[in-house]
Structure formats: structure tokens, C-alpha cells
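Next up: the structures, one after another.
Each of the next two complexes has subunit A plus one more chain, namely subunit B in the first and subunit C in the second.
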Partner chain A sequence: MSAPPSGPVTREVTPQIVRWAVAGLALVWAVPFWWMLVAAFRPAGSTADASLLPSLAPTLANFAEAWASADFPLYFLNSVAICAGILLVQLVTASLAGYVFARLEFPGRGLLFGLFLVQLMLVPVVLLVPNLKTIAALGLYDTLPGVMVPYCATAFGTFLMRQSFREVPRELEDAAMIDGAGWWARIRLIYLPLTKPALVAFSIVSVTSHWNEFLWPLMVINSPDKRPLTLGLASFTLSAEGMQAWGLIAAGTFLVSLPLLAAFLIFQRRFVNSFLASGIK
Partner chain B sequence: MPAASAAEPSAPRRPWAGLLLPLALLSPSLVFLALFTYWPVIEVLWDATHAVTRRGTRFVGLDNFTALFADPTFRRALLNNALYALGTVVPSLVLALAFALALNGAGRVRALMRALFFLPVMIPLVAAAALFLFLFLPGIGLIDHHLARLGLAGANWLGDPDLALGAITVLTVWKNAGYYMLFILAGLQAIPDEAREAALLDGAGPWQRLLYVTLPALRPTFAFVGVIALLNAVTQVDHVFVLTKGGPSDATKLLLFYIYEQAAERYDAGRAAAATVVTLALLAGLTGLSLARGQGPEAAR
Partner chain C sequence: MISWWKGAALALVAAAGLAAPLPAQATDIELFFPVPVDGALARNMSGLIKEFNDSHPDIKATPVFTGSYDDTLLKTRAAIKAGKPPAAVIMSANFLTDLSIEREIVPMDDLIQKEGKSQDAFMGQFFPALLPNAVIDRKVYGVPFHNSTPLLYINADHFKEAGLDPDKPPRNWAELVDAARKLTKREGDRTTRWGLMMPSNYDYGGWILEALTMSNGGRYYNEEYGGEVYYDTPTMLGALTFWSDLVHKAKVHPAGEQKGPAVTGAFLAGQASMMIISTGSLTFIRDTAKFPFRVAFVPMNVRQAVPIGGASLVQPAGLSPEKRAAGWTLIQWLTSPEKSGWWSRATGYFAPNKAAYDLPEMKAFLEKNPDAKIAVDQLANAKPWFATYRTVPVRKAIEDELQAVLSGKRQPKEALAAAQKAAAALMRPYVEDTALRLPGAE
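Then we have the complex of A and B:
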């Protein structure tokens, strides 16, 4: 039987016109990033702000000015503290709850699991008005823990850990029980080491979403020195906009976006797999 | 997933332990869920049906809702959010499908383009808004500048009430299409090669194979991604804060931004609570729709 003229079957499955259109769209998609890079490294007032041609004499002046005019190092630390705090508590709560729903039998398990999943729909940001009252009542208004606490329980994390704990062979746990290992030893020594990919996937999704979060911190944080990067960037942008300092805005945006963009470009496959699991977040 | 072995390793040895251990391990989660998921729902229902006056709190039934729906700004926000949802979900999904179809498979160029389409997903929505602030800038902005070089007239994209919501929509499509592409790529990989080969041997052209093989197979993926996209259209409004603050003349006021304004700027707790209840009802409806179609979390993997 002669081979089909169009080559391997898997290659030619898409109408040719779609492929050309997508190649064109890729250029369009790249334009905002390209402008950000060109404008951030361009000396002030050298050419039109909208020019997409890179400057022949690139400068770091915009970065220096952005760094000096907003407290980015502090915002950065605040973002790191928020993301790390949320993630640490989430890893504990989600592993414990995931273990319960994966391996323990008790009356009312289905009902409780359903109660957890309710959080997938009632995302904290929609409940910002009542949650802000709770935060204030707990004395956490204008504090970093106030930004973190609504996320400490995670239905998505619990669901993910339950799924991966279920794939751990029961025989391993049985053997450990015979050796007299308690529930904590079994989780720590058997379940967690065997479900590292799920833990990594959850961590990536959690950190990404809280690193990028804006509205909830905006409600909770009042003092400028407690702002995370997103709040800092928003206020920085609004003041630089008044000065028409577009190179400055590009540099500030680049600084704020760089950590996650770099992490993504280095660990692409891990990120992609994590986000696929995050569909239910 | 019933275990094949007769032994039940997790069966309690002491009867009281049967409930004690699960509840103890769930309690950290349950405390946080109670405080920030269950309690706020009760509180918001209470706030929405009560009025705080100088003489105390009083049950007012649906008065807050009547006032809410009488507020033209709220009705505008509902309409805006519906248009915004339609304007972001449909183009995002069509583009995501096109990206996935064109970029499915091996090859460096494809991998590079997949990464490129995914990059906007990784930056904060406020960072994307900061970039688009200059893109949409009238006169010297990126779009207007290059339109002028082509001899075309620009516009005040964010300042014109007829265009502002469209501009916000464009930003959202740019930001999210790559995320949805990921799910469609995964859906494409799940289509068995035999289905395509059979169609090819039957002499089906690329369009026919797309229409009769690929798209039907992707239907569950689309149902699922569509719900995520709809939820995002309600819950992600950060760019409105940077670009338009709901203006000009309420043209970009979305539900969550309206709630924020009522709570943080007008201090109208009853109105904010009533608007939250309406938004929650919408979200519940959307989620219920997805569960009814068998696209719950279980099907997501």
C-alpha cells in the first residue's frame, strides 16, 4: 500500500489556513511583550514611545528609576511571604484532608467531601464583603495573615491529594501499620514521598494564583509598606501614567512579571501539567 | 475504587476512633472553611435581608434586592457582565481551538508558539492591564500610533463608552486564550489515532475531519472549559481597576467591581450584600449547569 502523499497521518490533521492564521496571531500575541521589552530598555525621549524597534543604545535607567520610585524589594518580600504562608498551611490542611477522603471509612464522608467542594464555587474573592468583616473582627485587617487566611483551606488541593493518595498501593500502608506506624508517620513516610508530582503541581498552581492576586489584598491591605507586588504595581502604574512615563511602566511591569515568567520558561512541562490539573481550581 | 483485598487496613481497631481520627484530621480545613466559606454565605444572606438603622438592625425582606434592581448602575453592571462573558468566552474558545489544532504535535516551532500563547497566563492581570494601558492610549499609544502610520484613524479605546468594554474584552481574550488552549491540546491528545486514520482512508479532507471527527470528540472538553471561562468572566476584574475604574459612564462596570464600589466606596452594606447574593446565585447556576452535564471535578482529569 502506497504512503499517503501528505506524510504521516498525525501531521496533516489541521486545515492549512488555520495554521497560517495561528502563525500570524502568534505575532500579535507577542506584541505587548515585545513592546514591554523594547520600551523598558529604551533611553527616555529617544524615539516615539510606540516604536517597536529596539534602541541601539539600551539602558537600564528605567529599571533604576522604577526600583527607586516604588518600594519593589519590599513588595516582593510581601508577595513571597503571602505565597509561602498560604502554601505551607495549604500543604498541611490538604494532605490531612486528602488522606481522610482517600483512605478512611466513616459515616458522612460523602457529605463532608461535598461540603469541601462547595469552595470551588464560592471562591473567596466573590465573598470579599463578608470575609472582610470577618478579617476585621479577627483583628487581621491590614495584616499579611489577613490576606492569607481565607485560602488556608483548599478544596482543589484536597481533591488533588485525595486523587493521588488513592493511587498509592494500600499494601505499603498495611506494612507500615504492622510495624506500628501511626497516621502521621504513614502520611509523612509513605504518602507524601510517593505523591511528590501532585504536591509540586499544587504548589505551582497555588503560588501562581496568589502571586498574581489583586482584589482581595486591595481590600485587606491599607498600609503602603504591606502591599504585595500587584498592589504596588497598580499604584506605581497610576502615578507613572500621570507623568506619561511609559518606559517606566514597562520596566515596572517587567520586574513584577519576571519571576513567574522565568520560572515558567525554565520549568515549562511542570507548569503545563500543573495547570492542566488546575482546571477545577 | 473497592480494594480487592479482604483486609481493610484503615478499619478502626477501636470503635470510637472511627470518627475521631477523620474529624481530627479534617478539623484544620473545616475551621478555615467555616470561617471563610460557610459563615460568609450566612452573613451575606443576613446582611442582604436586614437594614442597619440608628435604632438597631431590622428585617427588611427583599427591600435591598428591590433597591438593587432599581439601581440603573447595577442593571448596567449585569448587562455589561453578560456582554463581557459572551465577548470573552466565545472568541477565547474559538482561538484556543485554532491554537491547539495548529500547534498539536512535536517540533520546536510549535513548542515555542505554545509557550508564547501561554505567557500571558503567567503574568498578573494588573501587569497585563499596565501594558494595555499604553496599547490603548489615544494618539501616541501603540495601537493608534501604528494605525496612523497605515493612514487609519485611531480612537480613544478606553475613553469612549462604546469601545471601552470591547477594549477590556480584547485584553481578557489575550490573557486567557492560552490557558484554554492547554485543555484543548490535552483533549486532542486523547482522540485515538485510529479515528483520524479511518477518516483519512475514507478520503475525508481536513475540514471534514475537523467537523466530523475532532470537534465531536472535543465536546466534553469544550463544556468544561466553557464553564471555567464563564466563572473567570465573573471573578476576574483586576484590569478594570487599572484601566477604567468602571467608566466611562459605567461602560465597564462589571458585577464584582460594582460590589467592591458599594462596599469600599459607598459603604452601603445592604446593597453590597444583595449584589453578592445575586452574583453567588449566578455562579451557583453556572456550576450547577456544569455538574448536570457531568463535567464536575471528577471528569476534569
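Then we have the complex of A and C:
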């Protein structure tokens, strides 16, 4: 996993530089989170909005107002339902499609796979209206499944699983075949256990992107009781005219990102290992 | 007058209900609304719709929050294409021309006629300055809901400190620059207080530039025809050069893109002594400012003129007659003098319905808050908000150049030529289909 130092010279300087560079990057990434925390606890109306120093008189008033502004428990459930629903279907479709592209020989496989990858290059905004038309025709307008359906097939997931499956030694599968294992048993007992890091890494990418998504749920959802967290947050923090209440926005954002932050902290080691093993960074 | 409206509208809905196979069923409708001002208003809107539903048992309206003005346009268009149009939308007033050209919204004249009213009588309820953005090709496409104009806000304490009279705010550009110079504070190379700030983010920048251009005698766009803008003109060159000079020569205005909320924030924090922003922020400023402030008309160079802003209620194409009638009831209820006045006091937007200002609660409010009266008085100078075919990209064509000029990357003259060219390319399809479609050329 970690590259061993190759010589005495690099041992002296390079690790130091790298360590400082990483620390600097970590700081850059941490500042917005720190600011969010500081702003969330700052009393409303204080003038030092941009300051990174915590307020001397921290307050929970911003959280109280944010909590009262939106039905957070319900929005939380909606977000969880959307992310879990999408992920479950994606894991099945991505691993099956990945297996097909990795191991089955059929004419036009390369072309088909290429077409699949084209999806990665489309800007999602282009698909808004066509997707919405399809959703409406299926009777899924203004429903949670309507938010999930377009993500059932995932080009990124298929690509990732194909690459991971190809690294599994073919001999293992051959041995299983000799023992009479069908395709389903081979995927379940050989491929999936060996590519767990890739599955975990893909799950994280999928969950975070759908947890944070705004535009597509905004298009599909009308009923206030079906809003995911992002829409609920936006409904009281967006403002084109008038000043933004930064304390309130920070508190709301903190509430929205808290579940993901907590999950990451708990499973941190496992996540990092998965990313290293799957080669996504 | 209101009860008569309501009665007529209810009768209309009842008639529609009788004609339908299943009578006595409440009509479900949706109202798309953006959040143009402080977020707490999203909750006020929900309360307003609840009041409507309680007083109209045969209609069940759902308020649907739809993001910014631009997101609301995107969502409305997508919903229309998906066959799920909402019964009413609070739409930025300058999108109506584009929506009517694309036939995505329908005129409401038949609904007005059914009540035995003439178009003039119906639209006569509203301030005349609002009509050009609502009545297109002599048809009523929108009913004004809340409207604004740009306004000069000044910090009275800073004025006194700089030896200026806060009761005599700058009236013209010369006085504006003079005051801004006196108000700007520097420590070495660093500016600690800006004399003047104006927002230049998307949507806001184009509007403020239009205000300056109009104050300079210009028109910005052709009010009669949706395929023409006047970007590369002397009036706009003067306006843009003036803004550019405030930044780069007088150095009394910060460089680069300034977002609306940042401008408001700087003013409230005492880091800017004057700002030109929407009347829609007036209530928020009044509630938040910890210092005395005054408001005044936008200073002029050639004439006193400002564009209107704000939003109108529109009805998309493709609605069933029942939903359309129910949406119409909601639109009339929301634009009635009482509701219009209530929303105006909550936001700072002025009430488009003139009768709102005859109500005792509004008179008492203006008595107590004379600044709100200045916002209404400025309506005498108000002109329409620029609206063309493909309003948003055409607007962005000039806003991109404006931001480049404020950052010092472009000179005003070349910026305007580039914006004009980009806008012409965007409007080309419409122009070729209308003004340049000539008989005898086939």
C-alpha cells in the first residue's frame, strides 16, 4: 500500500515535503468545515461573519431556528430512502453488467462498453427534460422512486466493477466451474467477496453524490413531505435579495451533512482502505 | 370588490365542478414559487397558502418551493414539457416575453372577460409602470405579484462623520462620486470602507446596469420587440464607463464581481457607506441595521429613470379547465389589495395593487416607515424591465462583460461590442423568423 522509500537521498527530503504538502492540503479542506462550525454557533447579528475565530458567547439559537424551519426528521428519512434505494439497485446492476463486460465473450462487446461509457460524458443537465418526460409517462412524477429511477443503471459503477472483476484471476473461476458452480454462484462466491473494496468505494461515491444532489430532486418533487434534505435546506437558506443569514445556513448545512460526517468518522479506516485498494483517490 | 371577485371566481369553479363527472371534489393545484428574499418568507408563503385553502374548501393548493428565479424558470419549463404544468407560477417579470414567444404561458383575457371585466379595468388596478412586463401583444400574460425598483441606501452615521448631510442624499452622478470619495476610508493601500457598492452577480448586475443606463437616458432594449437590445450605444457606454471609473479611477467601489448578499452584508457591517440594491430588501435592512439609514432615488445623469423588478403570477399552457379556473382564483386572491399589502409589509417589495395603499393598515405603516414611501414614489420614474427572446442568456451576455470590466480585464468599449455580438447571435433565430422574414425574398 505505502510505497517504500527507494533510496537514502529521497528518504531525507521527499517524505518531509510530501508530509508538509499533505498537511497543507488537509488544512485547505478543513477550513470550510471549521468555518461552518464556528458560524453555526455564532449569535445572529454579530458583524464578524467571515471570522474563523469562535464566538465567545456560543449559541444554539441557529440550530433551533434551522430545526424549526424545516421538517428535518422527515427530510432525513426521504434522503436515506433515496440513497439506499439507488444504491441497492446499483450494486446489483453494476456488478452483473461489470461481470458481463469483464468475462463474457460476445460480438460487439467493446462497442457496447464504449457506448456505456459515453454516458459518463453527458452533462446531467442535458438529460433533465427527457428524463422528466419519461418519469411522468411512468406515473412517477412527484414520487421518491421517480428521483431514483434514472440512476438504476450506472456507467461509473459498471466501469469500476468491470475493472475490478478483470483483476480476479480467471483460474479461480475455472476451478469453480469444474466444481459445477453456475454463473450466479461464481459471482456471489468468488467475484463479489474478492472485490469488496471496490464495492465499498463505489457505495461511498454513490451515496455522497445522491445525498448532495439538488437539481434533479428539485425537478421531480413537488410535495413538501417528499423533499430530501438538500431541498429542505434550500427552501429556507436560498435568497437572491436580502442578506444571507450565515449562522442559520451554517447550522442547517451542519445538520444536513452530520449523518454523512458521522458515518465517515465511524468507518474511516475501512473507507480509506477501500479507496486505496480500488485505486480511486 | 374582493368579495365580488371571490364570488365570481367561486361560481366559476363551481360551474367547472358541475360540468365535470365527479362534482364536490376539491381541485388539487400547485403554485411554484421562488424565494427571492430572506428565507423566512418561504414559511410566510406556506402560511399564506394555508389561509387560502381554509377559505376555499373546493381548492387544495400546494406551495412548491422552486429555488432561485432562474431555477423556477427551469423547473416550470421541464414540468410543462413533462405534461405536469402547475396551475400558477410566481415568475420573474422579465421572463414573460420569452415564455409567451415560446407559447409556454397562456393569456388570461378569457378569464378576465368571464367576470365581465375589460382588460383595462382589470390591469388598471396595478401601477402603470408594471404593465409592459405583464401585457404582451395586448394580451394579459401575467398578474403583478410583488415588484421592486433599485434604490440608493445610505448610512446616515457615515454621512455625518464625513461632513455630509444625510437628509440630502446624492441626486446625480456628480454628487454620488463626490460623496463616495468622502466616505471611502483607506489605511495605506488597503480600503477599510467603500463609499459605494452595487451588486454585479448574474441577474442583479444586468438589472443595476439597466438602472444606470436608463438614468443616462438609455433604453437598454426595445420594449416593443423581443429581438433587439441596445448594448453597444452611447448611453450604455456612459453607464458602464461610470461604473468602471468608480472601481478603477476613483477607487470608491470594490473591484470584481460583487454578489447581492455580500453588498447587503458589507452595508450592514459598516464596510460600505452607500449601496444601490432592490427595494425588496428594505424590510430586511430596516429590521437588521443597527444604525440610522436613509433611502433615496437612484442618482441620475441625464434623467430620472429606473427599471422595475420583481415577479408576476403566470399560468402555463396545457392546464385542464378546472385547474386553470382554480389557479385563477388563487392568483386573484394573492394579488388582492389586502394580501398584496401584507406581503409588501413583510418583504419591502411594493404592492403592485394600487388599492393596497388606500387600506388603513398600509397608511399607518407608511406613516411609521417613510422609507417605504420613497420606494413607491420612485415608481413615477419606473420603466419596464428588459425582456427579450431568450432573456436569461441574452442578459448573461452583458453580465459576463460587466464582470470582466469590473475586474479590469476589459475596457468598456470593447466589452459592449462583444456583448452586442453575443446577444445578436442568441436572438438570431427569432429575428430571422420575424423582423428579417421578408416577403418577396423566396
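For this structure, a couple of remarks:
The definition used in the following text is that the second predicted complex is superposed on the first by the 201 of 281 C-alpha atoms of A that agree within 3 Å, B and C clash if a C-alpha of one lies under 4 Å from a C-alpha of the other, contacts with A are read in each partner's own complex, and residues count from 1 in each chain.
In this section, a contact is a pair of C-beta atoms (placed from the backbone, for glycine too) under 8 Å apart; a residue touches a chain by one contact, two chains touch by 3 or more.
Just so we're clear, the structure is a prediction, and the values are computed from it rather than from any experiment.
Residue contacts after overlaying the shared chain place A:L194 against neither subunit B nor subunit C. Residue contacts after overlaying the shared chain place A:Q16 against subunit B, while subunit C stays out of touching range. For subunit A, the partner with contacts to more residues, out of subunit B and subunit C, is B. In the superposed model, A:L140 lies in contact with neither subunit B nor subunit C.
Using the contact criterion defined above for the overlaid structures, shared-chain residue A:S223 touches subunit C, although it does not reach subunit B. Residue contacts after overlaying the shared chain place A:S69 against subunit C, while subunit B stays out of touching range. In the superposed model, A:A61 lies in contact with neither subunit B nor subunit C.
Applying the stated contact rule after C-alpha superposition, one finds that A:A81 touches neither subunit B nor subunit C. When the shared chain is aligned, subunit B and subunit C each come close enough to touch A:L128. Of the two partner chains, neither subunit B nor subunit C is touched by A:A181. Taken together, the two complexes place residues 49, 128-129, 132-133, 215, 218-219, 234, 237-238, 241 of subunit A in contact with subunit B and also with subunit C. Interface residues of subunit C facing subunit A in the complex, by the touch rule stated above, are 30, 34-40, 42-43, 46, 62-69, 71, 74-75, 77-79, 81-84, 86, 148, 203-204, 260-261, 264-265, 268-270, 277-278, 280-281, 284, 288, 290.
On the side of subunit B, the complex with subunit A involves touching residues 1, 3, 5, 7-11, 18-19, 21-22, 25-26, 28-33, 35-41, 43-44, 47, 95, 98-99, 101-105, 113, 115-135, 137, 140-142, 144-146, 174, 178-179, 182-183, 186, 193, 196-197, 200, 206-207, 209-210, 214, 224-225, 228, 231, 234-235, 237-238, 241-242, 256, 259-260, 263-264, 269, 272-273, 276, 279-280, 283-284, 287, 297, 300-301.
Contact residues on subunit A toward subunit C in their complex (touch as defined above): 45, 47, 49, 69, 128-129, 132-133, 135-136, 141-142, 215, 218-219, 222-224, 231, 234-245, 248. Across the complex, subunit B is touched by residues 4, 9-16, 18-19, 21-23, 25-26, 29-33, 35-36, 39, 48-52, 92-94, 96-97, 99-100, 103-107, 109, 112, 115-134, 149-150, 152-154, 158-159, 163, 166, 170-171, 173-174, 177, 183, 208, 211-215, 218-219, 229-230, 233-234, 237-238, 241, 246, 249-250, 252-253, 256-257, 260-261, 264-265, 268, 271-272, 275-277, 279-280 of subunit A.
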